[in-house]
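Before I ask anything, let me first share the structure, which is written out below as structure tokens.
Naming follows writing order (A, B, C and D), and every chain is counted from residue 1.
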Amino acid sequence: MARVPVTFTVNGDEQAEFIAPGALLADVLRDKLGLTATKIGCAQGTCGACTVLVDGELKLSCLIPAERVEGASIETLEGLAKNGAPLHPVQAAFAENFAAQCGFCTSGMILAAKTLLDRNQEPDRAAVVDAISGNICRCTGYEPIIAAILAAAAEMRGRKSA
Amino acid sequence: MSKVRGRGVAAVNYPTGMNLGGDPSQALVHATTTGNFVVSLSSTDLGQGLKTVMAQICAETLGVPVETIIIDTADTDTGPHCMGTFASRGTHRVGNAIIMAATEAKKALMDVAADELEVDADDLETDGKGNIQVKGAPTRSMPVFQAALAAHFKHGKTVSGRGIFLVQRSYPEPETGHMRPATCYAHACTVAEVEVDTETGEVAVLSLKSAYEVGRALNPKMVEQQIVGGAWMGMSHALYETTEPYYPARDHGPVDFNEYLMPGPGDIPEFQAAILERPSEDGPFGAKGVGEMTANSPIPAIANAIFDAVGVRVDSLPITPEKVLRGILEKGIASSEQRK
Amino acid sequence: MEHVKQFFASERPEGLKAVGVSEPRSDIHGHVSGQTRYYADRTFPGMLYLMMVRSPHHHARILSVDTSQAEKVPGVVRILTHKDVPKNVYTILCLIQVEPDDEPCLAADKVRYKGEQVVAVIADSVAAAREAVARVKVAYEELPAVFDVEEALKPGAPLVNEFHGQNWFVYEGHHCRRVRHGDIDKGFAEADFVIEERYQSSPIEHAPVETTGCIVVPEANGRYTCHSNTQALFFTLDNSALILNQPFQKLRLVGGTVGGGFGGKVDVIVEPIAFLAAMLTGRPVKYAFSREEEMQVSSPRAAERIYVKDGVMRNGRIVARQVRLYVDAGAYSRHSPYGTTKAAAHMPGPYTIPNVHVDCHCVYTNRTPSSAMRGFGVTIGDFALEVQMDKLARLVGIDPIEFRIRNAYRDGDMKAHGETTKGAALIETIQAASTLAGWPLSDEARRASSTAGVVR
Amino acid sequence: MPLQVVRVESVRHAVAILAAEGGARFLGGGTLVMRDVNAGDTTIDTLVLPDGLGLDRIAIDGAQATIGASVSMADIPRHPALAFLKPVAGAIGGPAIRSMATVGGNLFAPYPHGDFAVALLALGAAATIEDLDGTRTVDLEDFFKNRATRGIVRDVRFVLPPGGAFRFVKIVRRKPHGASVLSIAALLPVVAGKMSGARIAYGAMAATPMRARSVEAAIEGQPLDKTTIAAAARVAADGCAPLTDPQASDWYRLNVLPVHLARLLAKQP
């Protein structure tokens, strides 16, 4: 079958792949690059499990043909604590607050939360709720996730002022 | 705008396990030569945290640190039989199998340690920190590591154990239905507070305050995970969810998470919970299965709270705004009228 | 979360070290770093994708199946029909001697619900599989369908499932699972009030964020490894071997890390057909439900219809409870015959009632087969019972919490299914909840105990 | 069969491809077309990318606003002149959807979606459409009478409303964001204490976004007081033909529309 070349940056590393035309970014990340933190829960844009950052904006990688992000900079959950680096405060807060059960939504949740906190250092509950409103969790009842994000925000403010 | 509040209660119990099919699970425990313990299972972790709690049960039984337990599960080539993860059976059935296996392994460990320390095995205990010591004389001790090493290289003995927990199948008596459907029962009671919009039938759940009797909370934070997630699912069942919104008509079945309705992060009520423990006779350290039960009491509690608020009984799930509104209109409650 | 220590303190041994402690979840670092591996986080060279041609009808006779156009789609490797499945008709609970086998892996002569599996397409890409699915031609003759449980039980209703021969599961010669305790007629005759109410639920989807799926990989030693998110590995292995008519040792199930289950992954649907596809193609095969399939084709929690008739005394004692419960099993048994018995066992709820009469029906209709879900056999029953308790409390003018405590089961009480109550803790749980919620209790209710008998 | 993804030099080029290839689709954010592709719509064989065509610009010229079709819902509230549309753009979905979903795509969103289009309808917007015949301007009300175009929406244009004159509400089951039970957008300019040039639009009250002409007539020239609002509520459902879907039945939508309309009109700006 025909293959087309794509080049983009993922978590700071340049990647060049030959892919099937129309292949989804989510599939390329997972199957070609082995970056399986990005999950596919619906392929409809309704669950948020495939959330990644494209040039700093949250996007759903199941709705993006990989050819569309030619030259772009992609961030996935694997990029948050790369090569054994310490966990990002949002990751640490999810762990401390028991904010995951099955873990399948966690990648999208953490990226959504991290993006919020990058832009808003003092989010109130409503801002946190909005930030994760596109991410479905079936296990936790959301409350521990909201608590974890608020805790991460406080932690990040603390680090900044320290 | 006319919003009315109401409060409702519901109390339930929940059976642990699937006695009606016969309910066995097995576990194998063996020590590595360096004093770690591998628990071999074929049980599945769905997200409820089985791997964590099974390690805690094994550590408690052996009296060793939990971090020295390795859970190796879910490969039918290496793990002994498990019926599966369902019916709130995992903690209870698999936990009991691990206790049995770990008890046998511990005995083998203690026998080796007894030889090494030149005491009677009955006089030895583990200290929970990785040592075996003489009861009442903790200075006479040896690390578990040394005992495991000696077992293999010096004594030629395995430090291992086999465990099974079988609940014999109960066959219901066809005429009377006499049977033994479960080994033990957990309990829950929820008080729900809701606010009903009398003009639109929309229901907001303000709080779910619940007590749960769980036998023994083996990992309290993980019990809390089940409680909060379960209460949310109960609320979801009560007010939102179905694959057939106009049942028994088959039309308009949802196919995605926009159409399949569940509460979002903006619908979360205040959750409060209290834990009670009445250990079950046959549970691992008294634990009962609670994963399923946590979703059950909120559903009728919310239904009863809606009645308390607006005097409308919706006896079919889910209790949609439409059903509530139809009930209100049928009762002729004027939109501006204040009942309370 | 508050730990209430005042109750049952003498029954709790002290000195536990590793349990009773909120250890961090051993999987949490994997979850937050994205390193937890689920079944689909594996790729295998040459992996094929299986997609299903499904019934567009609720009930229809299959007149013909034409796969010729689909076979021509580039990338299509194999197409399977019922003829390819060694033992096509099975029932999951045959492993615990539930009979009869009533469900085809791939529909043969009839389809009995919309979405039923008819033809499996195996291709080297998802796109090719989709294209081929669209090109499979199945001719149907539509049949009358039945969707209401009570309609299905009436004479002359369309017969859903010929393997049963009637639209209900037979329990040792009975048309329903029965529980009989005391004398129900006497109970109603004694009662000051008798009410009968009807409760109904609709099917509910487990909706785990990870859909049901598996990958089967042929191994060099002639065995087949199935990476699956099933909740029950051996159930899946054993059923698959029976369906495929293969020795058990040829199959291996690997799993254990699942993106949410809630009972939705205990059916054995994707694995047998994926095993077969891998055997016939010699290549790894993935079969995963799409979200739409998960929502509409995978088993939901059954819809239930429940009639509860109660006799109650002015003083708040319930003296008779009659329950007629209908489980909408959909077209096939799956786990429903079991859940229906579990529902019967649960009646009349955690209350001591001297006269109980329960009939629980497992009914076949032309909808998606239902199966296990969190609270299987109990959740909807609890909804009915606990709304009923609220109605009864109001009927006799007693506070609903007091009313429950008055009727709550206590140690030593006889249950309707013939067991003596032990380990009861309903009263204390209610007391703790009322404290938490600031719901005032009378002294009598506050003093009540599961361990102190009462004169009824 | 195998999808091809095409980058084009110009809108004209894209229009030509769409006209020539029955299986070609012009991508907006991907939330509609890519979903169809993933759901197995095998009629789609070519995806034409909108990127680099300059359709992602917002231009404000005095009171005239021009929003390019590729402008995303996340872009809208970032522009100071469009901040009044934040409640609309913010209600389209979660952050990831908002950074993908486009203004142009929203015009094609199937029932019950398309809440941004509802707002545009209330603002009296027109769409600039380019097809083989050239470029034309279509009033959105006319656009919704027949959305089947092989052309491409380049932008939407409208006159910025006076401060405080625009109101919006979207009723959802799942909070904070879900599909519409219904949505209402209202342009309520006040001249000398009375409604002047009011426009009301509904989402999910018909197969496509619609104007509420009876309501507009009921409030035009009136002060927005209790009497006027009651009169508006009485005619709220005129001309509505909502559908039944998993969010709500047609009955429910018709019954609560007057309530939500009255609440929106009574809301203090």
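We take it that a residue touches a chain if its C-beta (ideal position, glycine included) is under 8 Å from a C-beta of that chain, and two chains touch if they have at least 3 such contacts.
These numbers were taken from a predicted model, which means no experiment stands behind them.
Counting only C-beta pairs in contact, which pair of chains has the most of them?
B-C
By mean C-alpha coordinates, which chain is most distant from subunit D?
Farthest from subunit D by mean C-alpha position: B.
Approximately how many whole Å separate the CA-defined centres of subunit A and subunit B?
30
Distance from the CA centroid of subunit B to that of subunit D, rounded to the nearest Å?
Using C-alpha averages as centres, the distance is 46 Å.
Determine the centre-to-centre distance between subunit C and subunit D, using the mean Cα coordinates as centres, and give it in whole Å.
So the centre of subunit C lies 42 Å away from the centre of subunit D.
Considering subunit A alone, which of its residues make contact with at least two other chains?
Within subunit A, the residues that touch at least two other chains are 1, 20, 22, 42-44, 46-47, 98, 101-104, 126, 129-130, 132-133, 136, 138-139.
Find every residue in subunit D that makes contact with two or more other chains and list them.
2-3, 39, 176-177
Using the touch rule from the top of the page, what residues of subunit C touch 2 or more other chains?
Within subunit C, the residues that touch at least two other chains are 24-25, 27, 127, 207, 258-262, 290-292.
Spell out the residues on subunit D that touch subunit B in their complex, using ranges where they run on.
171, 173-179, 244-249, 251-252, 255-256, 259-260, 263
So in the complex, which bits of subunit B are touching subunit C?
Against subunit C, the touching part of subunit B is residues 7-15, 18, 20-22, 42-47, 49, 51-52, 55-57, 59-60, 63, 65-66, 71, 73-77, 79, 81-87, 128, 169, 172-182, 184-185, 187-191, 209-213, 216-224, 227, 230, 233, 237-238, 241-245, 247-250, 253-257, 259-260, 262, 272-281, 285-286, 291-293, 295-297, 299-301, 303-304, 307, 313, 315-318.
Could you pull out which subunit D residues touch subunit A in their complex?
My answer: residues 2-5, 27, 29-31, 34-35, 37-39, 47, 49, 51, 74, 90, 93-97, 99-100, 176-177.
State the interface residues of subunit C toward subunit A in the complex, per the touch definition above.
It comes out as residues 24-25, 27-38, 40-41, 43, 75, 125, 127, 206-211, 258-262, 290-292.
Taking the touch rule as given, give the residues of subunit B at its contact with subunit A in the complex, in rising order.
46-49, 221-222, 224-225, 228-233, 255-258, 262, 264-266, 268, 271
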